[in-house]
Structures are given as C-alpha cells and as structure tokens.
Amino acid sequence: MRSFIISSSAVKIDRYYDKNFKELAIESIKDLEKKISEPLEPEALIISSVAVEHLDKQSNIAGIIADYLGLRNIRVYRVESGEASGLAAVQIAHSLVSSKAVKKALVIGVDKLSDMPNAKIAELYSYLKDSDYIQIHGVSPLSEAALLAKIYMKTYDYSYEDLFIWPFTMHQNSPDTPHAQLRFKISPDSYKESPILAEPLRLLDSYPFGDGASALYIVSEDVAEEYDVNVSIEGLSSSNDVNDIASREDLLIFSAVRDSFIKTLKMADIELGKLKYIEIHDNYTPNAFIVLESIGLADRGKAPELLQDSMIGSAHVNLSGGLKARGNPWGATGVYQVHEIFSALLGEFKKSVLGEIDYAAAQNMSGCGDVSYSIVLKRVR
Amino acid sequence: MTKIKAGVTGWGSYIPPYRIKASDIASLWGFDPYTPKAIWIEEKAVAALDEDTITIGWRASKYALQRAGVKPEEIGAVFVGTESKPYSVKPSATVIADALGISPKKLASDLEFACRAASEAIRISISLVNTEMAKYTLVVGADTAQASPGDVLEFTASSGGVALVIGGLDDAAAVIEDSYTYVTDTPDFWRRSLAPYPEHGEAFTGEPAYFNHIINAVKGLFEEGGYKPNDFDYAVFHQPNGKFPLQVGAKLGFPKEKILPGLVTPYIGNTYNGSALMGFAKILEEAKPGSRILLAPFGSGAGSDAYAIVVTDHVLEKRDKAPKVVDMINRKIYIDYARYAKMREKILRYRR
Amino acid sequence: MMFERSPAKIWRNRDVLYRLKYSYCRDCKRSFYPPRGRCIYCGSSNIEHRYSSGRGVVKEFTVVYQTPVGFTDMSPMVIGLIEMEEGFRLLAQIVDVKPEEISNGMKVEAVLRRMIVDGETGLIYYGIKFAPLIEKS
C-alpha cells in the first residue's frame, strides 16, 4: 500500500531565540497549509524531536502542539529514534495512512539546538550512545566519527586534505538552498584552520548547531487524487546495527545504512541507477563517504575520488548542502530531507541542476549508522 | 616476646606520574628559594582530576593482589587508611573491594588517624589473621593530601598510595616479628569537618608530635623485643619531608645509610597514609632475604607504631609481578603550578 | 540542588564498569562488550559473562576537544579504540600519557578512575579507563 505526499514546508534553519518549540513547529506548517486546497485537518499529528524534553523540559509535545494548532480529537504521537527520528516519523505516518487507519497525517520535525550552550548540546548528542556502558566512557558520535576518519584515511590512503571535497561540495550547494543554515562557500584554508573538534575532524567536518522545523502532509490515494501533482512513497525501510562501533566487524561499512537502502529499493522495485537525487545523512565528513559506499554509489574507499560536482555515479547527492551546510536540527533533519526530495520531484527545488526527475531518495541515520532509515519517492503526476 | 604469626603476603603501590617542582611552589608564593632544600623536598606527585583516594587505592591494591598471588575471594577484610576520603559519608573500602572482586563476606571500613590510619589497619589485620577471623586482609594507605595554597605544607602534600595483603607466615614476603604502639592526644595538625585544608602548629608538629611519638614507639619496640639499632638493616619512618626521618633516625642511633633506601618523600612528596609504607614497599623491592626492617609510621593527633619486619625468600618471586616504587618515582610528567592548581581543584569555577 | 544521576544506575552497572564484565559466546567463541544476553555476532543465547584481565592494545585513538558536559575536565580527552587480550574491543578514555606519545599498538592496562562526578553533592561514578603500562626504569 502506498501513501502520498501532497505538501511540505520548512523554515530556514537558524537561531530562533524568540520562538519556543511549539511556535517554531507551527511556523513550519504555514507554507504547507498554503499549498493545499482544503483546510488542514489531519487525523494524526506526528512530532519528531530528539531533545525536546532536555532542552524544553517538556513531555507530550505532540499533544501540546495539536492543542496550539486547534486540532482536537486526533491521534498524536511523538517519535524519537535519535538523529533518524525525522524519517522514523515519516515511516509512522506512512504506516497509519497505508493501513487505512487515517487518511491524512501531518508530520512535523522540530529541534532547537540554539536554546543551550554548545557543551550542553554536545552532551545531549552523546545521549545517542548507550548511557550505561558507552556514553559513560565519554564517547559520542563525534569521537566515533573521528576514529572512523582516521581508519578511513589509513585504509584507503587519503590525506586530511583529500576529505575537503565533501564540505567544499556541500558549501557549493547550500547558497541557493532557501532553508539552509550556512549559505556560504568555504576555502581549503578556512577548512584546515577551523577549530579541531576531535582530531582529525574540525568544525567544518561537522554540522552547525541550529533550530529548525519542517513539515509534510501525508495522505491516502483518494485524497491525493484531487491534486494535480503529487508524489508517492514507493519504498521505505530501516535497519539497525550494534550501538558500539568498536564491536563492528567492518567499521567502514554501515550495515544498517546498506540494509535499509537495499530493502527500500526492493520495496520501490527499482534499481539504484534510477535514483537521480539522494539526500544522505552526513553528520561528519567520514560518515558521508561511508554512507555513499554503504549505499553502493561508490566502491569501498572510492567516494572521495568519484564525487564530482555533487554527482556520484548517476545520482546527485545532497544538493541542499546536506547536514554540513543546510544544517542538522536533529529531529527535523529527516523531514527536511523529504521536503527537499519532494520539492525536487515537483520541480520546485534545484530544478536547474536536476531538470525533471521521477525518483528521489533520502537516507537518515543516527550517530555512525547505529540506526538508519531510507525512503524512495516517485513523482506520480 | 613475639606472639605475632602474620606477615606481608603481597604489596603494591601507586604514584601518579604528574610532578610539580618545589621550586615552582616557592617561586609562586614568594618563599625564600632555599626553603624546599631546608626541608629537603625536590618535587611532589600530583593526582589527575579523575583520580582520588579510591582510584589510587584500587591501583595499589590491584598490584598488591598480583604480588600476593591471592584470589580476591580469600580477602576477609579491607581497610582504607586515609585523611582524604572522596565521600565524608560512604566508605572507600567498599568501592575498592567490589572493583577488585572481593566477596561481600568481609570486614570493610575507612580508618582516619591522619597519616597513621593505614598503620592501625596493619595492627588490626595482625589480630584478624592471628585469631583466624580472616585468612588475608587488604590494607590500603592512600591519600590525595590537601594543603592550603601558599602554606608550607603545600611543598610536600602529595598523592599516592600503598596496599599490603596481610596474611599468615607460609607465603609471606616479610614476616612481622613484633610491633608496638604509642598514642596520645597531641594537637599538632588537624582539619575541621567542613574545612577544605588542614591547619598545623608548624614547629609544634616536630618535637612534641613527630619526634616524641616515633621515639617512644621505637624505644618501646626495642625494650619489649630486645632489639638494638644494629639488629636492623633498614629503618623507615613516616616522612613528612626529607629531613625529619634522618633526624629521628639519628636520635635513635640509625646511620643515614639505613634510612635513605626507604626515603621517598624528597622525590614524590608526602603521600600521608602512603608515606612510610611507600618507603617500606621500596625496600621490599630491593632488600635481600633475611634483612630486618624497622617500620615506624606516624600520624598527627598523634601516634606512632613501630614494627620489626624480616624479609623472607618469598620476596624474590613476588617482586617482579607488579610495577616497583622506583619505576613510578622515575615515571614523570612535569606540570606547572597552573595545571597543578587545575588538577587539585584550587581554581574557583563552576563544575561542568 | 538535588543529584541528577541515579544511585540505582551506578549500583547495577558496577560489575561492568569497575571490572569490565563482558560476554563470551560459547557457540561462536567470540567476546563482546558491553555484555548482553545474546551474541551480537551469531545471535546465540549460549552466553557466559566473564571479567577482563584489563590488558589491551590501542588500535586507534582520537583527541577530543568538543567534550560533552560532564567530561570537560578531561579536555582534551583521548578516546581510544582498545582491543583487549580476550578479543573484544571497546571505546574508552586513555589517560596519563601525552597524546603525542600514544601510538597504535601501544599496550595499555585498565585503571579505575572517576568517570563522571554528579554536581557538587551527587555520586561519583567510577569506571575503567586505560593507561600505558608502567615500564621498568
């Protein structure tokens, strides 16, 4: 059973000191509402947020946002699956719609990383790791990614400068992404001179901390038929790996990314080559390359060499600027990705690069591939 | 004479690698540059921010168990002598015991008698072993000693620890022949319950405290056991600085050649409950079997114990089973006063 | 201010954190940490728990400057990928050595250290970090 996306929207990722979680979430659906021809009356509201209880001392965020939206007598859910929460929320919406439990579901991803200082955000990010036995050692996805960078560089004989191709490309793409947090280009010098986070990784190997919210309206086929242009969710799936990367037999392939992508393509019944546009989860530079290689867009160790003008194989990747430059407001990130590929299929995003395309995909994970979700969208009309 | 049937089955020590030079402390606080030399202190060991009496005691205990060749389940009591407990209420001994796999069927407590608490634990252990209430005990003397910045104590107050497994005579590396204790109420050094740093009577810590108690304890041992200074190959005294042990030794008739092998404070500072025991551990790593050692710890408040201890052949097979005191004295990472102030939490800040 | 970290959590985890309790799979003969009831490699539940010797080797390491709250005292904090004598690997801090003196293949031993201190009044979490072996001088 398919479900359909008929509208989406996103706020520019920024520092919204003047807005709370609810206000930012509600801000994000204004454009979405304009693009539909009927009153916004979802039967389900699914909120994706990673850190609302820590940053806002708030539980039941979905019920409270529904209240502020004036929605009554609907199903409300809050979804949290680490950094992959956004696509997890989309998956819940799809399940509700395709199972005919509801006809219309509103997904909003929201997080506000500007609400607290960096060291606190770094602490919350470490919560992605097993708190009993891994996080307690001071380990976070940052230190894991730094270790992966060193291992990647040694195994495939790259220098640190060779990694620059990723952040460089992301910052080439972001300036004309309206909702991107960092809309500027970067030079090799600014890369090498940016502060070290965990050697060898520097600030420009990571994503900026910011506030963001993005929304999707996911509906059943009969509702979608009333719209001129719409997009179907053709495939979506997820997979998981051991939380401690130290125990992984192969550190340079994210098996959760690989497996969820294979399952997603199978469900969509297409080959990888059909995808002309993919948004991937590049929380750190080495992870971008490992994701591209895990998906199969490049052979192992070849992603830095093969990447040219955002293209790898037959696909454009991260035209938004990716987490690196568009931003990574945690629970909203996966929703931003789907907003981007949906808009691209409608010809409203990066059309000068992509032209008309039929299929696009997104991949959203937590940490270093601890869990990974993927989705394939198809333009129906 | 002796009724003791106990010995040191294993020993271990730990000295953090960080060192600050006494000259740096003298310079910062405006002491006469000769001051460190006057009390003979060259540098002192400093614990890292993530170390405390429990972690230092654990490390020394781990090495002591390695040398003892005793299974953790055979330890029937764990005592931690310290004046720098990480918790005012909550024992250190329980953490060390559980972290070493020592079974719940044990005695365990922290003892406080300034620098002498671990020595009291040795005497208690002798009783437990002699009465067969415990097959082996674990005695830990460890401290991260505090000193008010700028106080003369700061030259010597250091971090380190020693652990001894006390057991019967069969597999003892050293046999405790005899012991004697001398304790009075002498207010030479103290720290009130919520005070961060101790106070002391300066010169008053000398004659009526350190010298009086050690001399009486050693003389008592000599009288009861019939010993003379010549019966001992080594003498180890509590060592609050480099000078006092040589002076008290001279008063008791010991040449400095018998004292210097066990004198470690000039190089690592005074590790308080580890102080005399560190010198004793070092001698166990160097002395020939058959050597007799005089061990005389002291604690302010005040009291001293004197022990006559004879090294056995077993010492030879145990020595190389763990790092030695001399290895740890020579392992150094120098730090300046700023880093020392950070590591010993002497900078007012918000904890993050 | 009330303590933030659970006393029950520190207590129930003490065997793992103090003594490096790990899992050994009797079927595929592999070891892993943290201990779990099922083998992460073959899925078998024929598992036994064991305690590590504490002896390991550094396979890789990184020096972390963006340290999370709770670990800022250790900054720059070294996180190592450590392979234990028993065959399992874990990520843990490496202490008592300058980063420039660490090398892959360096032997390390498990040492008990303070992991996290809960504010001014809460509990002290102890656990295992790794330090270079103390060499004979």
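To keep things simple, chains are lettered A, B and C as they appear, and every chain counts its residues starting from 1.
Operating definition for what follows: a contact is a pair of C-beta atoms (placed from the backbone, for glycine too) under 8 Å apart; a residue touches a chain by one contact, two chains touch by 3 or more.
Note that the structure is a prediction, hence the values are computed from the model and not measured.
Measuring from the average of all protein CA coordinates, the nearest chain centre is that of C. By C-beta pair count, the most extensively touching chains are A-C.
Between subunit A and subunit C, the centres computed from C-alpha atoms are 31 Å apart.
Taking each chain's centre as the average of its CA atoms, subunit A and subunit B sit 58 Å apart.
For this pair, subunit B with subunit C, the centres built from the Cα atoms lie 29 Å apart.
Contact with two or more other chains is made by residues 352 of subunit B.
Annotation for subunit C: residues 69-70, 72, 74, 115, 129 touch two or more other chains. Residue positions of subunit A with contacts to 2 or more other chains are 119.
In the complex of the two chains, the subunit C residues touching subunit B come out as 14, 18-19, 51, 69-70, 72-74, 95-96, 98, 111-115, 117, 119-120, 124, 126, 129, 134-137.
For subunit B in complex with subunit C, the residues that touch the partner chain are 16-17, 48-52, 54-55, 58-59, 86-87, 95, 98-99, 101, 323-324, 326-331, 333, 351-352.
By the touch criterion given at the top, residues 118-120, 122-123, 125-126, 130, 132-134, 136-140, 142-144, 146-147, 150-151, 195-201, 242, 244-247, 249 of subunit A touch subunit C in their complex.
Of all the residues in subunit C, the ones that touch subunit A in their complex are 9, 13, 16-17, 32-34, 40-41, 60-72, 74, 77, 79, 81-82, 88-93, 115-116, 125, 127, 129.
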